[in-house]
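The structures considered in this document are given below.
In the two complexes that follow, chain A is the common piece, with chain B as its partner first and chain C second.
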Partner chain A sequence: MRWPGTRVASGVLAVLLVVIVVGPLVAPYDPAAPVGLPYEPPTPQALLGTDALGRDLLSRILDGGLPMLGTALAGAVAGSALGTVAGLLAAWWDGRSGRSRWVEGAVLRPLDTLAIVPPMLLVLLILTAFTGHAGLVLAVALTGVPLSARVLRAAAAPVVTRAHVEAAVARGEGPAWIVGRELLPLVAGPLVADLGIRFVAAIYVVTAAGFLGVGPSGTDWGTLIVEALPGVELAPLLLAVPVVLVALLAVSVTVLADDAVRRSRAVLA
Partner chain B sequence: MIRLVAGRLATGAALLVLLSLLVFVGVDLLPGDAANARLGASATPARLAETRQRLGLDRPVLVRYADWAGGLLRGDLGTSVSGTPVSAILGGRVANSALLAGLTTILLVPISLVVGMWAGLRPGSRRDRGVAVASLLFVAAPEFVTAGLLVLVFAIGLGVLPAVSLIPPGAGPLDRPAALVLPVLALLLLHASYAVRMIRATIAATVRAPHVEFARLNGEPPRDVVRHAVLPAVLPVALQVWLLTAAALVGGTVLVERVFGYPGIGEVLVTAVRTGDLPVAQALVMVLGAGVVVALLAADVGVRLSTPTLRTAEQPAPVAFR
Partner chain C sequence: MTAPGLVEVRDLVLCAGGRTVLDGVRLDVAAGEAVGIVGASGSGKTTTALAVLGHLRDGITHVAGTVHVAGAPVLPGRPPRGVGYLGQDPGASLNPYRTVRAVLTAAGGVRRDRAGVDALLGRVGLPAGLARRYPHQLSGGQQQRVALAIALARDPGLLVLDEPTTGLDVLARADVHRELASLRAAGVALLWIGHDAETLAANVDRLVTVADGRVVASGPPEPARFTLTSEAAPAEVVLAASGIVGGYGATRVLHGVDLHVGAGERVAVLGASGTGKTTLARVLAGLHPAAADTVTVDGATLHPDVRRRTRPQRAALQYVAQSPSEALHPRQPVRTALHRPLRLLRNLRGAAADAEAAALLEVVGLSADTAGLLPAELSGGQRQRVSLARALAARPRVLVCDEVTSALDPGTRDAVLGLLGRLCAQDGLGVVLVTHDVEVAATADRVVVLAEGHVVADGPVPDVLGGDLLPGGVPSHLVELLRPDVADPTVRGTVNVVPSRRAAVTAPTVVSDDSPPTG
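Moving on to the complex of A and B:
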């Protein structure tokens, strides 16, 4: 008996993506402008009620999804890309020279050190020194690089000594050809699976940053959650809607990433 | 054994030195410093330069690093942007956060073992699938989201527990035990779910192992099979999972603290981030980084002690620091 989780998760994620991407276009009101009294219950005008400043909750939710998702995606891709470069470099030089493992010592060890810091702490440290959108993307990327580098090095290490790579080197192919045509196709499975895991972590970090008041926009879902806390007894819906949305997003992305990891292992085995 | 612990301590110390370099010199490469934070965006270059000189920020980064790291070694955590010593700001807050993390760990050990066994001893059964789905949900959902749901259910819906940890100044969280319930529960749902998943997987693999089948076919009662054949194989893994969870709880309480307004390090960190208070953030990263290193060290030694093949091995392979 197969658990239908993957299919359900794809469906939920597809609906959420449509809401997030189309949201800013169809939001009925300006997310920053008051449209009624504070803490109004749902009415035909404001379908989900209003927040502490009388702003329309539905408009705020529709407006905040895209910056949140974009930041998470940018951070995940950047972290995975940097990790891939570091991992491939380590696998290539240390694997082919066979003697010194200096890339591992010079690149991977310092990255391991980053991994012992609790990820949220690293994010907060970076945001203390470097506020704004770029700081958040950098923070998300840096929390992912150490693990990405390890995964990609492990995936690429057995590949770099294969015969087809030797043949390409002997033919005199350039680095771009060797990486693009000989290495990447063989580590594509782990790379995609790793990107999935990075994206799961990125969603977590970005919503958590919003929750801590340093989010990508004034209306990302983490910010909405923390704004709802003081008035939760007057308007539980203000908290319930973003909480459920973040939970759905995080769970569906996790289920799909798990599935990608399992399939990439099946390919390797 | 002593050589093992000494070696791991040396590795841990080296990691912390490397971390302090990254935290101080690495952060120095980012735009923004304490002078910026103190004066705000409207400061003139002249004022900025003057403040940098007064704070000693115009000295080379390695000189400042040596000062800072020397202070850390003497137990001096530095001075915040506002001029107060960092240790005064942290005060009892590190202890409050450690209380949350400690309570969660203590509760997590028996819960994850019992639930993991309950599910893993019958792999593929209905209860096993139920535990798998529930633990996946709680692992995937961010803990501040779980905490928000708990507030909605227990504080708003049922009205049985406080939504905010109102702890009067002077009193500790232990004087208001009701305030601890929901924060610990939120942390527990995330971290125990992770531990349950790992322990369940190990048990499910162990009950299919030949030695367990042998014991069962020999007619040993199920209780004895579990006690003599399953548990010894599972405990080293469980021990490592618990200690890694404890390491994750160091500094992992920040988000849940913020949901309930709990007076821990979370509030300090958030204020530090908002005001660009680098010294506070750097000191906290070093304190908590040291906590993580100690937990990893304990995990490494614990696994070695509880695994006979590793305990007697000539060349022990590092586990946690690999």
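Moving on to the complex of A and C:
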């Protein structure tokens, strides 16, 4: 924790996570029910004011965080995990065989094809086929896999040829030890950093999906942003609060991911 | 010598400016016999040899005595037929403006066709592709062998050799010696002048010692000392590798390398960078796929892929990698590094493994506390010792060490090398010591020199390294030896212009103190 930014980011992220996780439980009102006049400024009853239909913004924020976070996290973790498997496979087979890089051709090239499709187009295409939560998670995962695979392959390539990995192979260690004890500890830094970046990207995708009306719930932060747009002159908080929250979430995770990379370099150097 | 002598020198007296150079020399060479003449500088050995060719140097006069070659008198000034001559300096006998083919086509006063030239090159062990080259595109040994081919062009029954390998590096010397030995086996008589009885001993039937123009001794040579020590101890071979061909993709790095290591023997594999040393070590260890190889340990053939080797086979051959910082997992303590091979290869776990790990650490000169440390908490030398201990944990028969000392300071390097020497002596461990460092190679028992993926020399340390190692210094011949363009040109795609340090168009005639002109 050499850099104070890491500490700040950890604090911000912790607060955000608490708010998001316990939010639905402590929301003062039903997020779907009108509690006052449209576009009311903040009052003691509605701390952040009300939206176009007179619903309490605070309740809607608290209610919508968890579905968004859950979808983004599930998608990011799934994408990162698939990407890790693909990247490690490519690094292992192509790095050790010394011959043609056929695994890269067989595994990473198709993923590259996936990467050139704009993420939103991918999301809309997948949601057309699989509606609902699962479709969104799948879409988020698929936007992340190609990039994760590339990052992990690059991170693992110098590790698979390290002498201690070869020594493990030579003494007959099984795949579990080689992956779990020899490789993963040394690519954990890049892996965590990549997961952070994938998570931020996933939040963007989920928010954007909400913006486009295909979000994970009626109150996710993307949906709140698009709903705030028509009345932004009357109630700027309606737009500002979800935007700032999304930004805080993204920035704090990015800062922590950067730190994970820094620390992993210190191990290998 | 019961048969009529091929060469009969009787009471030959030669003078130069009033001084007697040869004082009643009597010399016989039978057909097919190899006779060596040794003597100090100025003893008259070269003059004798030239006299056999019917040649007297300027200023030398024939006073008395006769020289007959094949029954015909040759002195004075009647060159004998059927005698070839090979002098010291091949540069002097090769025309720098003519290719090898042009020289050989006309050599010996007979025109010969392409096949004839190729056959002549074949007789001296040179590939036909060399014929296109000019002398400066050849290494010293190749030049000398071309000169030998010229001498052979007349199909001589006798070859007079005047220190044919002086000024050649160890490799070239070995090449020339080999070709001369095969000529001797083919029945060509040799009159071989040298200054070094040891060198001649292995190559002649009889050794004649000349001093002050007289023959002072004649008899069968004493066996050479170096060759005896190396071959007198035929240790049980623990590692035998033959025909290793390997590379990266389409690039061949190793072209059929053979290597054997006896029990308790340290074999250094010496080579410049890029000569395939590390690839060789990795092929032996089964970590690099070879195009062709046969590796046996204790007679059992090992699979080229270490993962397909049986557990005892994996244990029998252990590999120690170059970089101590990469050889150990940065997140695993020394204990883990030692316990894993003990568990996997020797089925030791728990307290037994702890005890064995402590013993191993003691063997490599580390305290038992080291077991709890991470590699980052160890010095480079300590890491290399842990790396060695990890390899020793398998109780190997052969240890393949790839530049294990290159990352270490001199003091630590000597300590690690001393440790390897002790392990060899005590446990009969065979060690392959891959190195680019002559000083490291000098600590081994035998040196195998690798250049461009070929074994270009293989012999006991004193033979290959010359024995005159200065601290930090490299014997000059070794520079030649390790120079890539010494290697066989047939294996490289391009035969034509190979830059060589011997590129001087006319090589200056170096007069060595061993054989100054008499007088």
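Remarks
The definition used in the following text is that the second predicted complex is superposed on the first by the 251 of 269 C-alpha atoms of A that agree within 3 Å, B and C clash if a C-alpha of one lies under 4 Å from a C-alpha of the other, contacts with A are read in each partner's own complex, and residues count from 1 in each chain.
What we mean here is this: a contact is a pair of C-beta atoms (placed from the backbone, for glycine too) under 8 Å apart; a residue touches a chain by one contact, two chains touch by 3 or more.
Just so we're clear, the structure is a prediction, and the values are computed from it rather than from any experiment.
By the document's definition of touching, of the two partners only chain C reaches A:L186; chain B does not. Of the two partner chains, neither chain B nor chain C is touched by A:G105.
When the two structures are aligned on the shared chain, A:G172 is found in touch with chain C, with no touch to chain B. In the superposed model, A:G11 lies in contact with neither chain B nor chain C.
In the overlay built on the shared chain, the residue A:P28 is in contact with neither chain B nor chain C. Contacts of A:P41 after superposition: neither chain B nor chain C is touched.
Comparing chain B with chain C, more residues of chain A are touched by B.
Residues of chain A touching chain C in their complex: 97-100, 162-164, 166-173, 177, 181-182, 185-186, 267-268.
Residues of chain C that touch chain A in their complex: 248-249, 285-289, 306-307, 311, 314, 318-319, 321-323, 326-332, 337, 340-341, 344-345, 387, 390, 394. Note for the complex: chain B touches chain A at residues 15, 18-19, 22-23, 27, 30-33, 129, 133, 136-137, 139-142, 144-146, 148-149, 151-152, 155-157, 163, 248, 250-252, 254-255, 258-259, 269-270, 272-274, 276-278, 281-282, 284-285, 288-289, 292-293, 296. The part of chain A that touches chain B in the complex is made up of residues 3, 5, 109-110, 112-114, 116-118, 120-122, 124-131, 135, 200, 204, 207-208, 211-214, 222, 225-226, 229, 232-233, 236, 239-240, 243, 246-247, 250-251, 253-255, 258.
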